[in-house]
Amino acid sequence: MIYLTRIEHFNAAHRLYNEHWDEEKNISIFGKCANQNWHGHNYELHVTVKGKANPETGFIMNAKELSRLIKEKITDVLDHRNLNVDVPFLKGLQPSTEVLAKCIWQQLEPSIKECQLHCIKLIETHAIYVEYFGEE
Amino acid sequence: MIYLTRIEHFNAAHRLYNEHWDEEKNISIFGKCANQNWHGHNYELHVTVKGKANPETGFIMNAKELSRLIKEKITDVLDHRNLNVDVPFLKGLQPSTEVLAKCIWQQLEPSIKECQLHCIKLIETHAIYVEYFGEE
Amino acid sequence: MIYLTRIEHFNAAHRLYNEHWDEEKNISIFGKCANQNWHGHNYELHVTVKGKANPETGFIMNAKELSRLIKEKITDVLDHRNLNVDVPFLKGLQPSTEVLAKCIWQQLEPSIKECQLHCIKLIETHAIYVEYFGEE
Amino acid sequence: MIYLTRIEHFNAAHRLYNEHWDEEKNISIFGKCANQNWHGHNYELHVTVKGKANPETGFIMNAKELSRLIKEKITDVLDHRNLNVDVPFLKGLQPSTEVLAKCIWQQLEPSIKECQLHCIKLIETHAIYVEYFGEE
Amino acid sequence: MIYLTRIEHFNAAHRLYNEHWDEEKNISIFGKCANQNWHGHNYELHVTVKGKANPETGFIMNAKELSRLIKEKITDVLDHRNLNVDVPFLKGLQPSTEVLAKCIWQQLEPSIKECQLHCIKLIETHAIYVEYFGEE
Amino acid sequence: MIYLTRIEHFNAAHRLYNEHWDEEKNISIFGKCANQNWHGHNYELHVTVKGKANPETGFIMNAKELSRLIKEKITDVLDHRNLNVDVPFLKGLQPSTEVLAKCIWQQLEPSIKECQLHCIKLIETHAIYVEYFGEE
């Protein structure tokens, strides 16, 4: 069993806000992240798959094909978008890094066929990152 | 003459769009950066000052004071904001990295008194950065 | 189950030395790290917690609260200090990166209440880091 | 149980090519990586060992000794070499990052005596890395 | 005057060798870099251009166009190639980082029309980089 | 004219303190950096030399020779030392990053003979670095 990681990037706007709360409670929980005019991040996405190396290629999965899948399912949908407004698979959800990582897993997992999806790591800032391993 | 650099961070939303152009021309020039619902970045800001080291302190300027000034004049104004909407000193300007770097210089320069502002370096993504040295 | 990591920094002096050994044995085991006048490092600390995302906030724990706890319990105590001399929770211990990571876990773990502490990762130099997962 | 990682570097040439396939199939699978005149990488190698901290030293293993072992068994053999041609332990194998990580484990594991080898992480480019934990 | 930098990557094999010298002298000067079966690197290329920001776009040059030019003139020619064998513009030259940076300048400079090429920075390893500013 | 940079590392303890001032003034200027029991840093040192590439080697200076010189003159003297106590060339000086960069220039400059020393860049923390170009 070997683990292969491909790193991709996307830049997006978002806002953390719970519409069932008043402004004061939103500010007390989310602080500057609740700014009504949005803010944004450069997200660095690490997608890790695991499997056995094919002896003919030495690959558990072709990293170029993994990159193509991430582009098709994830970065083409998220890059230069507003996570609260523009992204069908995030509709009605709080676009925190935790929720975003889990949704990226759900979008990508059905397309990984030769091997298994192992981890979505999402780096939001120079000080915060999140990992999701498909665990309930 | 010694050069001292302090690195700070801010996260902001923006959009590149020229309202004197139609949608098609905006897309042809700015591509995804014109998305009407915004996108955003983690900006890494390097502020470089130059001067002679004070023999009593060994400093050309106290790096903590430089950090405080950057916070007061720049990151408190830009962090978790929308560069097109929320920032008085960017009103009416295209918030490209080039323009933003120049405006940061103009905001910060009058407050650097013990030594001289030398460079504003602004890293927008893992692949793009801009430097401004106060040259017309 | 999602994993959230917050990165913080501290700078400290230390020395590796076993006072039950003579100078020669200390040098043979610890080399330059035994220098009696100390040396030091910029430590980069990754604190990882795990839990389920709260549907109201999207958070497993507020990253700002995690940062505040790390500051209160760890970096306010270690930053700009001498690990052999100044730190109550390291008294009588060898301040290796391994021991330091384990002690940081012990200091922090009782304060993580909404979710669980998962990992302390401590980067000592550009070539060495340590991870502790609370395993005996 | 604590985990200690040492990072080392080597630069090597390689080519991905299956000699049982014709040129066309090689290109379709390996693309530019099949170039007959080779290409190369700066490999960053993370070797992680695990064990209990010795109370006399605070170490699970002396990081200098770990570095010496990696140099003797791995980087002296791989650095500034051609992975397809020059390396006895890769003879007849496809020198993909996956296969290389597994072979590094096999070379290094018998020499780790005070504690246990836990992970070989091999970073091939700014966008691809592989991890191997000794799992069949 | 503002400076804009675009970062791109390429991976290549090379060898440092002077065919007018015998093997012994080559080894004494170039060491492991003279290995007859080649070695290789991940090169990180920073291309800096300078000019005035266009008030309509905020750009001194469209970073996407700069990226396209670097791809066409440089990385499509160098990526996954052997610098001693495969690259027309390096024929007969020693492919050191210094020479490579100067040749990249010469290939790129005629195509930069809206503004001026300012610097080619080429990072060869984690410990070595070269800069060329077009100075004779 | 081409610029070549070699990166090296050293780890050291220091303290910022002016013995002509009382404790209160020292704390007001240097804050935590005045801690009497020292603190420390991982310093990353970039040494840049400039010159013309030798057509026989492609080098302006052999990077291995530059590395050997930095080791002999600088890192062997500073690594795992106390900058206030252990280093002859810093005696009686305030070991700020500014002063340290200037002293490294003075130690190294007489030994650079084939080409010219251009810049000493010294990275003290993840947020502060200093550059010295030999300017009075």
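Here the chain labels run A, B, C, D, E and F in written order, and each chain numbers its own residues starting at 1.
Operating definition for what follows: contacts are C-beta pairs under 8 Å (C-beta built on N, C-alpha and C of every residue); 3 or more make two chains touch, one makes a residue touch a chain.
Note that the structure is predicted; figures quoted are calculated from it, not measured.
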Could you tell me which chains make contact with chain E and chain F both? B
What is the graph distance from chain A to chain E, where chains are linked when they touch? 2
Taking the mean of the CA coordinates per chain, how far is chain B from chain E in Å? 28
Whole-angstrom distance, CA centroid of chain A to CA centroid of chain F, is 41
Between the Cα centroids of chain D and chain F the separation in whole angstrom comes to 34
Listed in rising order, chain C residues that touch 2 or more other chains are 126
Using the contact rule from the top, write out all pairs of chains that touch. A-B, A-C, A-D, B-E, B-F, C-D, C-F, D-E, E-F
Taking the complex as given, what residues does chain B use to touch chain A? 9, 11-14, 31-33, 35, 37-42, 44, 79-82, 85-86, 125-126
Across the complex, what residues on chain D touch chain A? 16, 18, 20, 29-31, 93-99, 101-102, 126-133, 135-136
Quick check: in the complex, which residue numbers of chain C touch chain A? 1-8, 48, 53, 55-60, 62-64, 67
